[in-house]
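Handing you this structure, nothing more for now.
Chain naming follows the written order as A, B, C, D and E, and within any one chain the residues start at number 1.
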Amino acid sequence: MGEESYARVKLSVISYDQVNFQEKEINKVEEVSSFRNKPSVTWLNIDGVHQIEILEQIGKHFGLHPLVLEDIASTGQRPKMEDFDDYIFVILRMLRFDDKENETKTEQISLLLEPDFVISFQEKEGDVFDSIRERIRNNKGRIRKMGADYLAYALIDAVVDNYFMILEKLGETIEEIEEKLVTNPTSETLHTLHDLKREMVFLRKSVWPLREVINRLERSESPLINKSTYIYLRDVYDHTIQVIDAVETFRDMLSGMLDIYLSSVSNRMNEVMKVLTIIATIFIPLTFIAGIYGMNFRYMPELEQAWSYPTILILMLIMAIVMLIYFRRKKWM
Amino acid sequence: MGEESYARVKLSVISYDQVNFQEKEINKVEEVSSFRNKPSVTWLNIDGVHQIEILEQIGKHFGLHPLVLEDIASTGQRPKMEDFDDYIFVILRMLRFDDKENETKTEQISLLLEPDFVISFQEKEGDVFDSIRERIRNNKGRIRKMGADYLAYALIDAVVDNYFMILEKLGETIEEIEEKLVTNPTSETLHTLHDLKREMVFLRKSVWPLREVINRLERSESPLINKSTYIYLRDVYDHTIQVIDAVETFRDMLSGMLDIYLSSVSNRMNEVMKVLTIIATIFIPLTFIAGIYGMNFRYMPELEQAWSYPTILILMLIMAIVMLIYFRRKKWM
Amino acid sequence: MGEESYARVKLSVISYDQVNFQEKEINKVEEVSSFRNKPSVTWLNIDGVHQIEILEQIGKHFGLHPLVLEDIASTGQRPKMEDFDDYIFVILRMLRFDDKENETKTEQISLLLEPDFVISFQEKEGDVFDSIRERIRNNKGRIRKMGADYLAYALIDAVVDNYFMILEKLGETIEEIEEKLVTNPTSETLHTLHDLKREMVFLRKSVWPLREVINRLERSESPLINKSTYIYLRDVYDHTIQVIDAVETFRDMLSGMLDIYLSSVSNRMNEVMKVLTIIATIFIPLTFIAGIYGMNFRYMPELEQAWSYPTILILMLIMAIVMLIYFRRKKWM
Amino acid sequence: MGEESYARVKLSVISYDQVNFQEKEINKVEEVSSFRNKPSVTWLNIDGVHQIEILEQIGKHFGLHPLVLEDIASTGQRPKMEDFDDYIFVILRMLRFDDKENETKTEQISLLLEPDFVISFQEKEGDVFDSIRERIRNNKGRIRKMGADYLAYALIDAVVDNYFMILEKLGETIEEIEEKLVTNPTSETLHTLHDLKREMVFLRKSVWPLREVINRLERSESPLINKSTYIYLRDVYDHTIQVIDAVETFRDMLSGMLDIYLSSVSNRMNEVMKVLTIIATIFIPLTFIAGIYGMNFRYMPELEQAWSYPTILILMLIMAIVMLIYFRRKKWM
Amino acid sequence: MGEESYARVKLSVISYDQVNFQEKEINKVEEVSSFRNKPSVTWLNIDGVHQIEILEQIGKHFGLHPLVLEDIASTGQRPKMEDFDDYIFVILRMLRFDDKENETKTEQISLLLEPDFVISFQEKEGDVFDSIRERIRNNKGRIRKMGADYLAYALIDAVVDNYFMILEKLGETIEEIEEKLVTNPTSETLHTLHDLKREMVFLRKSVWPLREVINRLERSESPLINKSTYIYLRDVYDHTIQVIDAVETFRDMLSGMLDIYLSSVSNRMNEVMKVLTIIATIFIPLTFIAGIYGMNFRYMPELEQAWSYPTILILMLIMAIVMLIYFRRKKWM
């Protein structure tokens, strides 16, 4: 884990107010202290949580509870929000579709909201916050006019917006499968259906607690969050509800598709059975008749007549036709 | 999107009190200001939300929050209600049955209730509010005697009433399918069943949050809503509950019909199997007997007797009859 | 709808206290005013709600809200209770088993509780309230000693008691079906099961909101309801819970019966398959052997021996016996 | 019902405090009045509720509400608890396994808790309260040191303890069935599974409201219940939760067993199908070949060669072996 | 149970503060009294609850309620927490994977939190608390700096951490089964699936009440628990939620796997049916034709021609090829 992985932990600071803007990468946590007494909003983003020393320095510097550091470091946490009066601690799960493995991956994002200060932790360097950096740099939208709580909102919003992209991907896959179901269902289709179902379970597990997190933020009445920010939180809350709605709809669709798959399989079985029955039902009796006149009894008077053979053939033909009519009536053909 | 789609956004104003009534189309949002200081109720209806400039002008004119404008413009919102003290913002989903595509379509309706002022936004020009316009023009019912809150109620009520028409359409389709299920179930019937099920999911998703919206309006205690209007809100609330009830009943019926479909499919399979079994069970043993006497052993004394052939035929007949009796007992025939 | 259906709306008044009792039919709503100032309890029963004029006269006379009249007139309402301070408005659904159509029918009963006054609306003349009339006429039980709220309770109780009769009917049908399931399940049995399931859905939809209605009456703290009446309301509440319990139990039973039906169908299929397999498995190999010795090769030495034929017959018999033992071991027979 | 059933209603009184103890049977309700003014705890147990006169005398004597007497007399009540300030009224359902009919039976137990007085009603003489009588007689445990509320608790506890015995019985039956499922599942097993499922529904219906009853007793804050008794009520509450837990677990187990049953049935079907397919697939082609050489064409050169017959036999053998290898590969054998 | 099992109950005391540490085994409960007046934290651990005398001595010594002792002794309790003001009583269930029987076993852990005193009861000697003993001995972490409430938390945390190990075990088994499902599903796989499902039910039953226990501890506001400990309780609460999440996910996965199993079984059935149908459908008609020319009619002119035999053989070949093409089109091959 030595030097190399140490190097990979990247600490970048953005500090801004309505007029000023500063952005730099720092090497040591202590450097951040110069930003602490300023009235401007400071955002410290940390890519990589595997360096315990850095986390501990941050913890010491900002007076964080040891359990907060543990939660940041152990990256399998459920989304949650905790209000420590001095600061608010939020854990989110970011989803990312891995094109190579054709699978949704998850990453833990931890946020700390202090007065005029936001610290964000990502497991790896990623691009999900790039649009926010752009907006700050170029003074686009209202972000430069608002406080640290709005920045925290913007980060959460960026994570939730990412879910919609995942949903779109899954929606496309579902549509593809749906077409295959009608044209050519195979047992592979079934496995894809089950994989999608599992993805939904996965998504649900990430989104449901997220909703609760945002709800609690909204109702926290913490002095760290301005009243004017609540409406933005409600907006991102509405987005999580939309994600949940979409997930539930997809689940319903997948169940319906599973039912269609199973009944199309059983329809095919039916069809196979019908062909077997038609063939067997027509030819078994005819073969029996042929068997009768294949017997070697000495005294079988029919065998001696010239008209016997054509008569029997015609009889057989009539039997087959009667059978076919019967099957057509029964709608087996 | 230029000039053409600009032209399509239609702003129409209706202003009324118990004695006066005025109706006109306006071209610029500023024209509405002449109505703002009057004591009469004014209703501004906007058909088309794709013109951001118009929305922004309205936002500026009425002091709306930017997020409200965003919600109005992005038309995939869930029904919701937000109380901004100065105004109440409501999003509804209107359903419309598209006869051409044989599918239920959804449209977002946004309402803003201000003191003596209601603004409604539709995605396209529609006829759902025509009856309300008629009632205002002709001073029918109590609408001209009541305030802006009653107008808002009337608009919501018109949207909810529309749901009943959709339900009727779906109810008819369900009845048709039900008849087909008994007379001639095909795999197409199954697909229609699943389409209906999906429509129900769709309907549910629109109605459930609507119920919550109306409930919150009822409990809002906003000064914008008169006490006397609460009972009307409760009435429309009861209607949403009826819609939900109907949707749930349809869902139950569809599940039951799916079960009947599946068991009728398996019944047919059973029938096919029985025919196969009856034919095979009767003729396979008889064919075996015929096979015995078709063997070419030199010393088969039965073959030489004159009575052998008729005896064997009679024996075969008896076997077949015994089998048939057995099948009749087993209720396979 | 003219004169004839007008004639059918029947208004009957019963007025009583502990000592006095008066009963008459009235033709005009105004006649009821003579009863209004009396201290005795007055019950106005109206059979038929299709005459809007009469409803409007009652509405004017008793100062009812227009929406109340609408709810009374449109008879597809859900059970509900509304407290208008001056009066309490209750909608119930009465169930009736229609022997002719072999189906449960529903009728809306609306109740208005005013001080010393109860108004009840039925869709048609019925006999559900006859026992209460009898109790009042003959001064049986406590009804004559109690106020209008007790009368309202008694009417609700009569409606709920009716549910038990429906449940008994359904219970009997379920028992019949259960016997048929064991002795001779047909696809008709399945349809009856689904009809019963639908009846349950129907019943549930009527009873669940009723429970809420009574619960709200109990908790209303309206001055119109005496404290001593609460215990009676709690009693009728317990009855609705019992009805709900019974409905849920029936639902569980029906699900279980459906499972038994399906598995008995699949058992029969199994049985059919076994018979087919036994017959085919025994005779197909034997027929093959017979086929061998039916071949016309010139050099088949076995054919020339005298002992060949009986040997082959014995061999075939042994094969058949071995097969039968195998099937018996596998428990197919 | 006359004299005989009158004789069967048994009224027995036990009166005790820490030092004194008295037990006797009484014939008339009035005799109980001598116990009412004493400071000791008195327990009146009544076996049989079919004698309305006795209930009415008790009602008059203890000032009970008429509805309480109705509830005691009509023995199909749901467990419930009602606090009448002067007394607390509790209905429980006792379960009893009837070995003869191999079925769980239920009996209604009604309890009345008055100051220093407990009245219990059983439908028939039973032995469920015998252990409590023993404890009072022999001054075992704390019962003689506690008040009437503790006695009421002890009676409830005895009823709940009885549930565990029922659960044990059912648990044993479930284990037996489970073994049969693995060794030899028959359609009778299925019926037993469904009977057990129904028993669970039955049990659930008795226990769930019981839990609520005890919960309400615990939270009643009635002066009739000492604070020190609350912890005992909480204990019996925990027991009802354990019963509910066990019932739910059994339900889950039964569902799992049903699934196993169904899939074992379908496995057997599979096995049957495989045997049929193997036999048919091997012998039908062979029989065809034999049929070829059974044809009577005059010019079939093969028939004349001496080596033809053995060659054909060997060819057939090879075909059968190839088939068997194929089936073994497919894991059908 | 005599001397032997008496000997097995082991009482060990650990007493510590920030500077001092003492650990010893005691033989009599009275020995513990020397620790009671000290300001240091004392932890009394008791392995074995089958010795009623020891429990009674502890009960007398610490003034415990008799029901608490009963709950400790009867080891089938549900997790629960009770606040007796003077002390807090907690029951937990510890899970242990028994490698020999390949089954999860459960053990009851009872905790008593008194001022500066924690008593823990285990059913058998175990190693789950060893890490805590180590931390106390070696003064690792914050445990020596905190009070008795933190010790109680640490014990609960150790129990909950154990669940994760069980989950890992089950997760591995699930993965193994999943692979088998794809490669070679047998009916044994099904049984393993059902066993796993049952384990999940088992786990759920242990974890759900545990969550409630910790929640109640968190909200108890008991003076026995310091404010600074609440955050640790919230942490262990989060862990139980994670366990519950994992259990639910496993349940979903198992359901999905069951579906895959069932549909793979029905796929195999389909395959078997197809083979049967292909063979039968090809050879039954051919056998019939062979049967025709095996008949012994005297006048069958085809039989006399030299070209008849090869013609018929070619005809048969063509028929078989046509059939095969048909099957390939139907995707049966």
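Keep this in mind: contacts are C-beta pairs under 8 Å (C-beta built on N, C-alpha and C of every residue); 3 or more make two chains touch, one makes a residue touch a chain.
The structure presented is a predicted model; accordingly, all values stated were derived computationally and were not measured.
Shared contact partners of chain B and chain D, listed by label, are C. Considering every other chain in turn, the ones in contact with both chain B and chain E prove to be A.
One rotation lays the C-alpha atoms of chain A on chain D, and its angle is 145 degrees to the nearest 5. Different-residue interface: chain D and chain E share under half of the residue numbers found at their contact. Centre-to-centre separation between chain A and chain B, using Cα means, comes to 26 Å.
Taken residue by residue, chain D touches two or more other chains at 266, 269, 273, 276, 280, 284, 287, 291, 294-296, 300, whereas all remaining positions touch fewer.
Taken as a graph of touching chains, this assembly forms a single closed ring in which every chain touches exactly two others.
By the touch criterion given at the top, residues 65-67, 71, 76-78, 80, 82, 184, 187, 190-191, 194, 197-198, 201, 205, 258, 261-262, 265-266, 268-269, 271-273, 275-276, 279-280, 283-284, 286-287, 290-291, 293-296, 300, 302-306, 308-309, 312-313 of chain A touch chain E in their complex. On the chain A side of its complex with chain B, the touching residues are 142, 231-232, 234-235, 238, 241-242, 245, 249, 252-253, 256, 259-260, 263-264, 266-267, 269-270, 273-274, 276-277, 280-281, 284-285, 287-288, 291-292, 294-300, 330-332.
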